[in-house]
Each structure stands twice: as C-alpha cells, then as structure tokens.
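Chain naming follows the written order as A, B, C and D, and within any one chain the residues start at number 1.
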Amino acid sequence: MASIWEYANPRKFLETSDRVLPWLAALAGVALVVGLVWGFFFTPDDYRQGSTVKIIYLHVPSALIAINGWLMMLVASLIWLIRRHHVSALAARAAAPIGATMTVIALLTGAIWGQPMWGTWWAWDPRLTSFLILFLFYLGYIALWAAVEDDDTAADLTSILCLVGSVFAVLSRYAVNFWNQGLHQGASLSMDKADNVANVFYLPLLVCMAAFVLLFLALVLLRTQTEIRARRMRALLARERMS
Amino acid sequence: MIALLMRDLRLAVRAGGGFGLGLAFFLIVVALVPFSVGPETALLARIAPGVLWLGALLACLLSLDRILALDWEDGSLDLLATAPIPLEGIVSVKALAHWITTALPLVIAAPVLGVLLSLPAQGYLWLIVSLLVGTPALSVIGTFGAALTVGIKRGGLLLSLLVLPLYVPVLIFGAEVARRGAEGQAVQVHLLLLGAITCGAMALLPFASAAVLRVNLR
Amino acid sequence: MPELGKYAGAVLSSYGLSLLLLALLTGLSLWRARRMKAALRKVEERVKRHG
Amino acid sequence: MELVVKELGVARGGVRVLEGLSFVLGAGQALILRGPNGSGKTTLLRVLAGLQPSVAGRISVSRDSVAYASHADGIKGQLSVAENLHFWARLHAERDITRALEAFDLRALQDRLAGALSAGQKRRLGLARLMVTGRPLWLLDEPTVSLDSEAVALFGAAIEAHLQRGGMAVIATHIDLGLTSARVLDVTPFRARRPVGDAFDEAFL
C-alpha cells in the first residue's frame, strides 16, 4: 500500500485526480439532483413553518461545508507548515473561494428563511453573526493569497493566518454567544438524535448533505489542479527569465 | 530590548504622527456621532460606551501599518532580525511601543470624549478599566497583522481586512464591560474574559508574528 | 409543481439564488481550469523547444 | 572562529541560483564575492546572515556572530548620527561608539540628524554600525555604493583593522578595496544547473 504522501507530488496528484474527478463530479451531480428534487417536490410542508422548511435542504448543507471547508483549510495549512507539501497549501487556497461561496449561500438562505419566520431579514443572532465573521475570515484569507507575489511566502503567511484565524473564529463564536442569546433554533440535526426532525425531512437532507460534500470535494480537486498548473507555469516562466 | 523601546518612542515623538494623529482621529469620530444619530442626550448616553470603544479601535487600526513598515523600508528590520534579541522579543517590544504611543493616549482621552456623549457618571471608571485591559490585545493583534502585510505595497487596506475580524472578541467583551459599567450592572465576568483574551494574545501571538516576519524577511 | 403556499417567494428565491451561486462557482472553476490547462501546455511546449 | 561553508545551495524566489559552493574562511581573512548581476551574491549573503534558509549544504557559524549590511542602511532620519549608533550599540550590548565614529570620520557630524546627511555620509554611518555590533563576521553587500574614493579608503582601513583583530569579512563588491590579504571567489561556476528532463518535482520544475 502506497503512502498517502505520494500524492503530495504534483504530477502524481494530477494523474490521480484526473482519474477520480469525472466520477466524483458525476456522483456529486446525481446526488445533488436527487436530494434537491426529493426535498423540493416530494416532502410535505411543516405544520409550523409551511413550505419554508424546504430551504433547509440548501441552508444546512451549505453551512456544513462553510465550516468544514475552513476546517479542511486548517488541516491543509498545518500539513504545509509541518511537511512542506506544496499541493497541500494549494488545496487550501483552492478551497477558500468554495467555502466563501457556501458561507454566502448559508447566509442568504438564512436571511430569506428568517424574513417570514422571524419577521426580519437579519437579526444579530449568534449563529448568523458567527457566519458573517467566518465570511470576513474567508475574505481576508483570499485577499492575502492574492496580495503576496512569491508563492511560498504566500503559502506560509496564509497558513499562519488560517491557524490564528481559527483560534479567533472559535473565540468569536463564544464571545458572540455571550453577547446575544439568539433566536436561532439549536442544531436541528445530529447524527445520534435523528428523531429531532421527522424522517420525511431527514432522509432527503442527508442526501443533500452528501451531495454538497461530494460537490465540495470535486471542486477542490478541480481547483487544486488549476492551482498546480498555474504554479508550474509561473515556475517555468521564472526559470526561463533567469537563464 | 529597552534600547529598542526607547528608540521607537523617540521616533514616534519626533515624527509627530505617533501621538497626535490617532488622538485627532478618535476625537473626530466621536464628534461626528451626534451629527449622524441626533443630539438626543438619552440616546447618546446609551450608545456612548460602544461608540467610544469603536472609535478607540479604529484609531488604533489607523496607525498599525507604521509599526513595522517604516523599519521594513529602511532596512532596519533585516538588521534587527540579526540582532541578539529574538524576533519574538522584537515584535513584543514593537507592540508595546505602539500601545504606549497610540493606545494609552486614547485611554486617557476617552473619558474626556465621554463627556461629549454624556456618558453616565458611573461609567467612567469601567470605561477606562475596559480600555486599559483591552487595548494591549488590540496592539498585539495589530502587530500580527502588520507583520503579515509588511512586504505588500499599499497593504493598508488589506491590513484592516485581516485585522478587523480578529478584533471582534476584544470589541465584544470590551464594549460589554463599558456598557454594563455605565448601566450599573456587574462587570466581573466580562472583564475577566476580556483579560483572558488579552493575556492569551500577549502570550501567544508574538510567536505567530515572529514566524510571519521571518517568512517575509526571506 | 408542489403547492408552496404563501411562502412561494421565499422558497423559490432561495433555491434560485443558491443554485445560481453554485453554478457560478462551478462555471468559473471549470473555465479557469480549461484556460490554465491551455496556457500551461503552450509554455511547456515552448520550454521544451528551447531546451 | 572559522567560517566553513560546505556544498551550499541557495534559492531565490523558489528557483535555485547557486549550488555546490564550499569555502573556508579563517580568523583575520576576507573573501571578496564576484559575479555578474543576478548571480546570487546577495542571496548568498542573506543565507550566511541567517535571514534566509539554505536549500542544501552546511554553514558552520551561528547567526550570533554575523553583522550584516545590505543596500539599505537601517538609519532613522529623525535621530542624530550618535543616537543611531548608540541604538545599535546598546542592542548588541556594547557601549563605546567613539571608535566607530572616528574610523568613518563622523566625529564632526555626530549631532546632526541622520536625515540631513548626504548619501555618502549615510553610507558611512551605515558601515560604522558594523563596528558597534562587536561581531566577528561582517557580511557586506556592495558596501561602497555612493562612497567617494576617500571614503572607500577609510572603509578599506576599517576592514583591515577588523581583520587585524581576528575578524572576518565576506564582501560582494566590484571595486578594489585595497585589501592586501583578501581572496576572491567568483560565484559564476557555482551557478545552479537546470534539472535534466522534465521531471515534475515538488518545486514544479
């Protein structure tokens, strides 16, 4: 069995991801269609929330990816800082815009859902606020990558920012909790308490979450490939200039 | 270390920008608030702690890029990095110098500006205490941001974008202490949490700042 | 089409906006991937030719 | 005290510029680096100073024994000449700056603000800083830029005196400093070769 660090070689990564990507993308597409169609067309309305309950099929999975996307960037950053595998740093860079988009989707769907339910588009509820802060962290991270010219320097700086940012994101989460007890309902889902939400809603939601995870993975692979190619091109051009 | 601190203080005094600009900015921000929300005393008194905290935070932010950028431009940072003091010590001293030249005058000026916003009498003590406890964290976090952006031309805006989200917990607890103080509620828990953040930031962030600076000096 | 009742606007707009954002993200990623592939191929060929 | 460099490789912006560089420098010796622009002299000096990691090889000295002087002098225009020197001296736990002032003929200028100095005078101040660090190994990157011939002579004498006291110096320069004992090292032959084939390695080359 080969070590997973073999995939830290850019060429090996490109070859393998090229093989995996079509399947992953197809799977993600199928799951997304099945989950959303199921959720949108074939679930009943909630007796309290009416048809707005259908929004959770977008809201919960995107929120899931928004948080876990940052977590993935944190792990990738640590791998880069400790083992110096370039692919890892580039994967973190590739994941950031996806995470940011997911955060926007979670915020948007949350606001649209909140309007009829809470009577307001935006409330300074701890969860909403935390997501807004998370979005700012994503923006800063992306901006720092874009601003630093040297690739290795940028990888180092953004990795450390990701580390420090993670600590402060957690801090902000608790600070915000202290600051305002919110309107938001508790996590409506957890794996061991499936009866929180009736099965009719739960199953399609699981499919949607799986679909978003698959979509995230496919996009990360695709974007990492692009980053590797961009990086190789810059390296080749730099070498050409020097000789 | 003391030599470096004295030099930074002397430079701040001679260059003129250190003490004056942040203070003037603080004054202007606070003076503009009544124009934007109306002169009603009750409203001003209610929002005064928050406005003063936000103003102090923004005034701090304004001067962050001076912490390291000047030393970067004239090559001093290279030379400091080869000096006998570890880089962690250097960034800590830099943060301290920033706090003395920028944050401390703000703390002293805050009660005066509190009068402008008709801050209730019982609020002054906790306003000053919360600023004294909270602003060191602002300086240390800001130094980290300055170290991140030191090699970037016109990095000022990026610096704000990076630092502001990091300021959130400090602002929440700091303003909360000041608000509770002004309203005569208990402040202990929030003050302790604010102090914990400051201590944690002062203990750990210099390592991150030094690591980042080493990368930028490469 | 399921009956969405009085919340039709909210549900439809959130689905519409989310899918639009996802499509934008995917589209941009694909477009950049394709462009970068082509650009790299060009540079690689030039480098090989000049040795 | 001896500087031993073995099979050193250095990189700039992720691309190797020098490799396989070895030399030994004993107490009282100086080494002049020669080579065309962009050949990696500055990078080599920064690696020796510990500001930048090497990509291969070994360096025997610790960073506590080097004093580095780059194109930028690290001088604060708002401080006087003496204040500038005092600062660096205290940072390196030294007291005496008179020797440095005299060696670079800055006595008369010591109370002037450094911002009011001419380019050559600033350069002299920057080099005088080396003397107050008390460190044995000087790493100098084009030290004679904007110096007139008289100042170059002063500088040469200062290095000579430093070597006499058992110091060492590595200097990247194109000017003859009049150092009698200095060896010259041309870095051109150590230029990094391109990797053969198009193996796609961790550095994307």
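Heads up, the rule we're going with is that a contact is a pair of C-beta atoms (placed from the backbone, for glycine too) under 8 Å apart; a residue touches a chain by one contact, two chains touch by 3 or more.
Chain-to-protein mapping (UniProt): A = Heme exporter protein C; B = Heme exporter protein B; C = Heme exporter protein D; D = Heme ABC exporter ATP-binding protein CcmA.
Since this is a predicted model, take the numbers as computed values, not measurements.
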**OP:** Please flag the chain sitting at the greatest distance from chain D, going by CA centroids.
**Re:** C
Original post:
Which chain's mean C-alpha position is nearest the mean C-alpha position of the whole protein set?
Top reply: B
Original post:
Across the interfaces A-D and B-D, which one involves more C-beta pairs in contact?
Top reply: B-D
Subject >> Intercentroid distance (Cα basis), chain D paired with chain A (Heme exporter protein C), Å >> reply: 48
Original post:
What is the distance, in whole Å, between the centres of chain C (Heme exporter protein D) and chain D, each centre taken as the mean of its C-alpha atoms?
Top reply: 52
Original post:
For chain B (Heme exporter protein B) and chain C (Heme exporter protein D), what's the span in angstrom between their mean Cα positions?
Top reply: 41
Original post:
For chain B (Heme exporter protein B) and chain D, what's the span in angstrom between their mean Cα positions?
Top reply: 37
**OP:** Can you tell me which residues of chain A (Heme exporter protein C) touch two or more of the remaining chains?
**Re:** 232, 236, 239
Original post:
Which chain B (Heme exporter protein B) residues touch at least two other chains?
Top reply: 218
**OP:** Going through chain C (Heme exporter protein D) residue by residue, note those that touch at least 2 other chains and give them in order.
**Re:** 44
Original post:
In their shared complex, at which residues does chain A (Heme exporter protein C) touch chain C (Heme exporter protein D)?
Top reply: 36, 40-41, 45, 50-52, 54-55, 58-59, 62, 97-98, 101, 104-105, 108-109, 112-113, 115-116, 215, 219, 222-223, 225-226, 229-230, 232-233, 236-237, 239-240
**OP:** Show which residues of chain A (Heme exporter protein C) lie in contact with chain B (Heme exporter protein B) when the two form their complex.
**Re:** 133, 136-137, 139-140, 143-144, 147-148, 153, 156-157, 160-161, 163-165, 168-169, 171-172, 174-176, 178-179
Subject >> Residues of chain C (Heme exporter protein D) that touch chain A (Heme exporter protein C) when the two form their complex >> reply: 2-8, 10-11, 13-15, 17-18, 21-22, 24-26, 29-30, 32-33, 36-37, 39-40, 43-44, 47, 50
Original post:
For the complex, which residues does chain B (Heme exporter protein B) have touching chain A (Heme exporter protein C)?
Top reply: 144, 148-149, 151-152, 155, 158, 161-162, 164-166, 168-169, 172-173, 176, 190, 193, 197, 205, 208, 211-212, 215-216, 218
Subject >> Residues of chain D touching chain A (Heme exporter protein C) in the complex >> reply: 13-15, 17, 38, 194, 200-205
